[in-house]
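A, B, C and D are the chain letters, set down in written order, and residue numbers restart from 1 in every chain.
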Amino acid sequence: MAFSPEVEQAIAEVRRDVAALHAELVRYGLVVWTGGNVSGRVPGADLFVIKPSGVPYDALAAEDMILCDLDGNVVAGSPGSHRSPSSDTAAHAYVYRHMPHIGGVVHTHSTYACAWAARNEEIPCVLTAMADEFGGPIPVGPFAIIGDDSIGRGIVETLSGHRSRAVLMANHGPFTIGKDARDAVKAAVMVEDVARSVHVARELGPLVPIPQEAVDRLFDRYQNVYGQSTDTRLASPTE
Amino acid sequence: MAFSPEVEQAIAEVRRDVAALHAELVRYGLVVWTGGNVSGRVPGADLFVIKPSGVPYDALAAEDMILCDLDGNVVAGSPGSHRSPSSDTAAHAYVYRHMPHIGGVVHTHSTYACAWAARNEEIPCVLTAMADEFGGPIPVGPFAIIGDDSIGRGIVETLSGHRSRAVLMANHGPFTIGKDARDAVKAAVMVEDVARSVHVARELGPLVPIPQEAVDRLFDRYQNVYGQSTDTRLASPTE
Amino acid sequence: MAFSPEVEQAIAEVRRDVAALHAELVRYGLVVWTGGNVSGRVPGADLFVIKPSGVPYDALAAEDMILCDLDGNVVAGSPGSHRSPSSDTAAHAYVYRHMPHIGGVVHTHSTYACAWAARNEEIPCVLTAMADEFGGPIPVGPFAIIGDDSIGRGIVETLSGHRSRAVLMANHGPFTIGKDARDAVKAAVMVEDVARSVHVARELGPLVPIPQEAVDRLFDRYQNVYGQSTDTRLASPTE
Amino acid sequence: MAFSPEVEQAIAEVRRDVAALHAELVRYGLVVWTGGNVSGRVPGADLFVIKPSGVPYDALAAEDMILCDLDGNVVAGSPGSHRSPSSDTAAHAYVYRHMPHIGGVVHTHSTYACAWAARNEEIPCVLTAMADEFGGPIPVGPFAIIGDDSIGRGIVETLSGHRSRAVLMANHGPFTIGKDARDAVKAAVMVEDVARSVHVARELGPLVPIPQEAVDRLFDRYQNVYGQSTDTRLASPTE
């Protein structure tokens, strides 16, 4: 399969970004062993790039990433195509097919997010950082197991029209989406951070809610005002 | 805008210190992604230096720091002035305007301090290290959201006349102040450390308070006796 | 004692693997000081390789590993034989004698697994990652102290015919087994990971169980479908 | 003050060991900022070596360590003597004066040990590693504040005739002792490790005690059988 020079260039950039972003999962302690995965959509093509299955984080280079079409099939003959893609590829592909504005998907088994998921309980919005980033609570998605489209469908149905870029799939763990792979990684980092802070807070007594009006103002401002560029998600403008 | 050689020299030193001190926030796990910020007043001038908004911690050099006046306006034409300063700049500026003896301000979303903040609950003084460093409990400040002077005012009103150099802003997180940027960073490190230890202690049963007279003696001694210089805060004399 | 060139070659490879795999225990925070140990069976010989007793993790080279026969006796004259083997050598030897399909054994005192062990309580299966990796709950083994075969016997009796590759020895800590040393290390990493996540989950309320039928499907699929090779355990195929 | 060549040699060795051992406090997360201190007795002389007050861990070289007599006075003119010794020097000196068999003392504010100390509660012996290392529960010492001999006296009175090399000083934190500085550092690492594991265990329900007879056998064996040398404490023989 041959692509135009523009698409080849875009693929190369997404490969490089996706490979490098896996290091952020390690840096923030969101993954162990070979668990977790990042993918990124190739702009201008019906393709995305994802991590191979079962390869150590120390050994992830751009050319090891796997190029897939939007049905989750590996593009034959492309670099890395001798390996199997992440076992969660079907879920990523489902998201890309059904959420055209989404350019990145991340999945981890980060500890605190998994803990809320094991109780099938949403994370309440009691910190301004959570209002900024997610605009309210982090929702729980349905229990779904690997083998068909049910994980992807659960992600899409839960997050469509929702402010949150993160969903806690029941008894499984967090999936996050974003404008691009970096934005989805940021959401994965932030969901674990707030999952942990809110968990710790609730261990010692009742939480004080933030008034809805304040949550709305924080989310609106964060999406529209902060950061180094007008596109806040790309610029990762939190401070 | 041109400054005297003495002020230019002072600015250069504060830029270097503030840039370097951000690494301490990373080292002690107080921040994730681009969150958190350190600022330092320029001695002998109505200026302070602060982190830019949304820039990764790996990439913070002295010339990336942003020079502001005490109203929080970026000094036009100075190095870094093409970027936006931290979104918390207005709060830092308010502190510098209203607390002339304060030379450094730090803000983080460190986990355990945020947890107390999410319950709007002060941290009781049950460890001698806390009596040494903060002279009693860590107070909670009002709920205030970004967009006007309310965060800065909340910090100043809570900490004026208080022994503590740290305040837990309700549903938000810790702000710390100090004689200079390094002292404020030390307070940010110590507030998370005691927030965590006291949290863990209370998980398994009632805490034993320290008699007020002992708290007073510890705080007095720590401020006046310890360390390598007579100025205990600059010397960071804890042991 | 002299071995055939093939066996010498196999010994050299296992020495190298076992030495290197100890770094994974450090990386994932499963051990402190000189605690913990990894061993690996030498394919094609009645021998295994294990860590020496009381040597710092920074200083573990392949030639420091100790070669033992299946009764746990050090092979005289082999490299490292001037040192004592790990104090848990008898337990490892017992496993190799009684579980011929097992090629690796790991023991740690990792925090969360030890916590379940101190309550003599199995870890319930409430996360899909746990169903994948262990096929159900992590069982508790008997209370047994060092000095005879009782630890080894407890491991073998608990894990024989069990899906789990990990056992929590009562008031002691986790032992894991695997197809080879790497697989047993992976099980040690994963048992701590799920011990922590399930602990954290239960701190704030009741857990939602996974239906048995789903546990069975996940375990079956993970053992037979995933990964880069048909031998899923060797390939460490989790994602 | 001049010493014999043998004593000068011993001083140089203890300086080097004590400086290097501080890195273990950092490695295991037992200290923040400049907190914590290690000291070591000089064999064959009424002297010990201790960390200076308020100096960052990154910058601790052998020549920065401070030489003191057994009253805690700095030896005039010795390297490092321009600095103040650790603020806990008097407590270390008291231990060396009253426990002649003790060659090392360590103090930290490690999180979980401080948590038990803030409740003035001993750590029960429910893990075999704790029976091995400490021979039973970790005791609590009296509430004592800096400024006279009361901390040193509290340590000595609590640990004299006790199997434990660690004491939790009430509302303060752990002090550990050992045959030499390395052995005391090992005790500081192990006390935090068991403080954490036992804390986590008790969060979710009642602990299962270890029979006293088994505790005794484990402690006896560990002191007399394990390790690479007959002197188990020097050899740090845990596994």
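The criterion applied here is as follows: a contact is a pair of C-beta atoms (placed from the backbone, for glycine too) under 8 Å apart; a residue touches a chain by one contact, two chains touch by 3 or more.
Composition by chain, UniProt nomenclature: A, B, C, D = L-ribulose-5-phosphate 4-epimerase.
Because the structure is predicted, anything quoted here is derived from the model rather than measured.
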Proportion of interface numbers common to subunit A and subunit B (over half same, under half different): different
Chain whose average C-alpha position is farthest from subunit D's own: A
Angle (degrees, nearest 5) of the CA superposition of subunit C onto subunit D: 90
Whole-Å gap separating subunit A and subunit C, where each centre is the average of the chain's CA atoms: 32
Chain centre separation in whole Å, for subunit C relative to subunit B (CA means): 45
Of all residues in subunit C, the ones touching two or more other chains: 203
Touch relationships between chains, expressed as pairs: A-B, A-C, B-D, C-D
Complex interface listing, subunit D residues touching subunit C: 28, 126-129, 186, 189-190, 193, 196-198, 200-201, 203-208, 210, 214, 217-218, 221, 226-228, 235-239
Subunit D - residues contacting subunit B, complex: 32-37, 51-55, 83-84, 86-88, 109, 111-112, 114-121, 143, 145-147, 170-173, 199, 202-203
